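Here it is: the structure, laid out below.
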Amino acid sequence: MVPSSYSYVFSPYREPIARVSPGRQVVVHCDDAFESRIRSREDIPSRSLAGAKFLNPQTGPIYIEGAEPGDTLAVHIEDITATRDFAVSCLIPYFGGLTSTALTRTLQPSLEEKVWIWKLEGNDLRCDELRMSLPWKPFMGTLAVAPDLEAISTLAPGPFGGNMDVPDVCPGNIVYLPVWNQGALFYTGDTHARQGQGELCGVALEITSKATFVFEVIRSRPISWPRIESPDRIMTVGSARPMEDAARIAYAELGAWLEADYGWSRLDAYQLMTQAGELYVGNMVDTTYSLVASISKQYVKRV
Amino acid sequence: MVPSSYSYVFSPYREPIARVSPGRQVVVHCDDAFESRIRSREDIPSRSLAGAKFLNPQTGPIYIEGAEPGDTLAVHIEDITATRDFAVSCLIPYFGGLTSTALTRTLQPSLEEKVWIWKLEGNDLRCDELRMSLPWKPFMGTLAVAPDLEAISTLAPGPFGGNMDVPDVCPGNIVYLPVWNQGALFYTGDTHARQGQGELCGVALEITSKATFVFEVIRSRPISWPRIESPDRIMTVGSARPMEDAARIAYAELGAWLEADYGWSRLDAYQLMTQAGELYVGNMVDTTYSLVASISKQYVKRV
Amino acid sequence: MVPSSYSYVFSPYREPIARVSPGRQVVVHCDDAFESRIRSREDIPSRSLAGAKFLNPQTGPIYIEGAEPGDTLAVHIEDITATRDFAVSCLIPYFGGLTSTALTRTLQPSLEEKVWIWKLEGNDLRCDELRMSLPWKPFMGTLAVAPDLEAISTLAPGPFGGNMDVPDVCPGNIVYLPVWNQGALFYTGDTHARQGQGELCGVALEITSKATFVFEVIRSRPISWPRIESPDRIMTVGSARPMEDAARIAYAELGAWLEADYGWSRLDAYQLMTQAGELYVGNMVDTTYSLVASISKQYVKRV
Amino acid sequence: MVPSSYSYVFSPYREPIARVSPGRQVVVHCDDAFESRIRSREDIPSRSLAGAKFLNPQTGPIYIEGAEPGDTLAVHIEDITATRDFAVSCLIPYFGGLTSTALTRTLQPSLEEKVWIWKLEGNDLRCDELRMSLPWKPFMGTLAVAPDLEAISTLAPGPFGGNMDVPDVCPGNIVYLPVWNQGALFYTGDTHARQGQGELCGVALEITSKATFVFEVIRSRPISWPRIESPDRIMTVGSARPMEDAARIAYAELGAWLEADYGWSRLDAYQLMTQAGELYVGNMVDTTYSLVASISKQYVKRV
């Protein structure tokens, strides 16, 4: 579906832009995080984004038939296809991981603004200015359901998913989200052509896309925070500040998953994660940081 | 060398236990983090460790001939061989990632104590109680030089290296450390048979070992924080609280490395790390947390 | 005004319950943070609050005639009168400053639940169980305008004010809030009969009240975060995690105030606040922590 | 006593510069935090401090006769007299509360350097450049015992006291410190002519002084963190990062004090501190932040 307008909040107060049935393939068109306002090295953010009161436009909400509060929504990401032949990144004043920000305030001047254009050619992202290429490895920076009662800025990650900026939200994986509203009210956007762990400067390789999803409703098995499943691993995402709180949430939720679905006792799961868990930083730049705890499926089932 | 006594501080005030020349292979014997006080499931920490005023005994300091303040010490880790056939992990009251601690205080009772024994059989670590095995993947939990003027507890990581609990401090890799004292004054210990990212419960698979190192002195090229080089990647370790400060240090130091040795401008390095950097948690349990930023060597050199 | 229903979000999506003109005295009735579900030592929170999907009911929104986006709303707090003769505090599982919580997760059991009843007798709050009295020193724990586009839980403090739990939001003082919506959309509730700095256990002395306000609209002088003015001091409130970010916001905003209204240069204001500023913790228990920076009015005006 | 050389670590490895008996008045001469290198507005820190490898020189250690590990040292601060007629403050690159630092790294340029001279005239500190005066309100920024086994930089606060930068370490008050070494090994320095809460720019009003102390040894009543007693209040100091951990330590220790010495149960003390405790920021600039929790003596004794 192609939206006629975008949302800048994950909100239970907006009318659905479409209704889809579980099990059906759905193709969703998404603009980039800047609503395509930055397209060349001359499009300096402070000028190009001057007219934008809000950033990170989302397509949605999409009403998933049959989803009820207390269910879990499984989002199967089948494909992400670029709808233009370049991605952009840039430095925005007082935004990013190695600058002071609106939350981590200092009196220092901001960093210089700058735009990088990366051309998408087959599976390569080529940046002429940097004289290098990186592989196309797309994922959805933002994927969410509407929160319970709240309407939250699309710049924020949280228990509802949201702007997690986690590279494992990619084709081939399943993202599980809690359902608080009838129809779940799904939002997505902020496609990244690729991104390192941490999304260090705050802006990944932003691109427009059409993304293909299949939704599944898991009845009456509520979860508290987003989960991801790849062919090889199970993962949980915790979003909080300071970063250690995000880490604690991610690992506590991974342990809860091991306990509920794989028969581990709480303390034995704690031991397993200590010796075999992995923990990486999704973003260190958003309103809260997202950390991903995971474990290989080969270790969670025992003889 | 086999130490006659251990150090519980990284200190410039202790006499060297040995002097070694750069380029020579050195074999260092290390006790485990509990000085081998925990050897079975019955060795409950609060009892077994009751007589231990300090933990994490280190072998050292080893005086590296020719190392001077302002140099960098390159530690080539050639081998780690276990010197017993089992590793231990355990839950210690008020210590670990999913419990309140002496630094993150609450009024709650502590978690139950528990010991897990993992038998080392070839390349397998087998835990009968958990009915599972994990691969032997040893590394030095602790590797340090003496700080400048300070003597710091061996439980702490920092600019001097120390108790980083970073799995990439392993055979095949090189660890670079700043030199503040004549002879560098090298310490190591806390061998881990393996560990997940974060060292979640605070205790990896602790084992005794003999470790083989070759030291190299890089003259007059000071660094500020530990660096690691594997065949494929360059890595930096930042240790701080809150965890986002450790992340900032790690990435800022990686950028400084790209700038100094690979010809990147500051902002272009920032862009590169944003799109291709990786960032994992070494430990989320020590006095400060250690995060590891890294990038593939294939991306740092440009056409 | 006496509300017929309460709000559990600070929201621009709710219909105003009343419209008031600037300059007129308005009396607002507020329930307590538990909607009066806890009234005796036997009303254990996990039972008494079981039916409550949300906590901290707010009276509002009140539409302030003439307030426009870009204005500042000045809320003159004229009086807070208790509407019952006792206040309650209690320990709620996994909520508070000296326990693990939903954001700072551990695997430990929760603290014991407990209720304390404090009787209001004249200007004394007497707790028979503790065999002591404390002075009645009421303030509004929660005071807010609707955010821009977002609808935020009434448990949260932020740039919109909200659940700041700052004792200086008390009779005799003026609270300044940014205006993002037509009519400002004012909310208040969560009256505290008194509270220490930090609101340590997470629950102050909760009481029902009628509070008297006079609103004033300051045209086209936008502010970014809440400000408070007492007869003697000017104060700013920053809400964030970790706590140092809240401290930075509070002092940065106080400096901005000194710069804009009192003729201080940025660096001289920095110096003044260093030598004469005060900084206390409002709450260390909410979704973000609130810190209050302030300075005596006698120091801000120069010869 | 007038030291012939200063210490830049709180260390158990240094020879005592003097031995004093409990109960005797001792006058200690202290240089300022910059070893008097900054004396005028022209003494720009990056130049004036260029030759200083370390800052914050301490007088000590002073051996207190009879103090044994496990005791508590009570330091009665009787007087602080300035030994020159001006105090200095300044902005040091990448140091302070509203700038990025060596621990909170960013890529931004540093703030401009600047020096302020405050003239001490009677009880007034007058800054001509700011055209204002503030009252003389001296305290010791740094006051410590030697740690157990460690030697810690004099820029750091911790369980040993150290560079707490807490204005209540002032004449008329008693500071209690844990004893880990024979003779306690007392250090002090860093006199502040006054300071706001938070020591925002990182540099208070630094001055040279002679300070008068009387030491008292409290046998076999160990404490874990520094405590302060004024005529009216009991206070505890927690030092940690992030700041919420310092807050938790401070209040947990205050509760422990109420439990041990005033007959409060743990949960009732938690309630008392919630409704009547105070919590201010001593410093938000050092290696760890120091927070001070306190309660009025009139509330700790019950009928």
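Just so it is clear, A, B, C and D label the chains in written order, and each chain counts residues from 1 on its own.
Definition applied: a residue touches a chain if its C-beta (ideal position, glycine included) is under 8 Å from a C-beta of that chain, and two chains touch if they have at least 3 such contacts.
Note that the structure is a prediction, hence the values are computed from the model and not measured.
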{"item": "From chain D, the most remote chain by mean C-alpha position", "value": "A"}
{"item": "Pair joined by more contacting C-beta pairs (A-C or B-C)", "value": "A-C"}
{"item": "For chain A paired with chain C, centre-to-centre distance based on mean C-alpha positions, whole Å", "value": "33"}
{"item": "CA centroid of chain B to CA centroid of chain C, Å", "value": "45"}
{"item": "Residues of chain D engaged with two or more neighbouring chains", "value": "98, 104-107, 111, 241-242, 248, 252, 255, 267, 270"}
{"item": "Complex contacts: residues of chain C adjacent to chain B", "value": "98-100, 104-111, 242"}
{"item": "Residues of chain C defined as touching chain D within the complex", "value": "89, 91, 96-98, 111-112, 114, 116, 118, 125, 127, 129-132, 134, 194-205, 241-244, 247-248, 251-252, 255, 267-268, 270-281, 284, 289, 291, 293, 295, 299, 302-303"}
{"item": "Chain B contact footprint on chain D (complex, rising order)", "value": "8-9, 11, 13, 54, 103-107, 149-153, 240-242, 245, 248-249, 252, 255, 266-267, 270"}
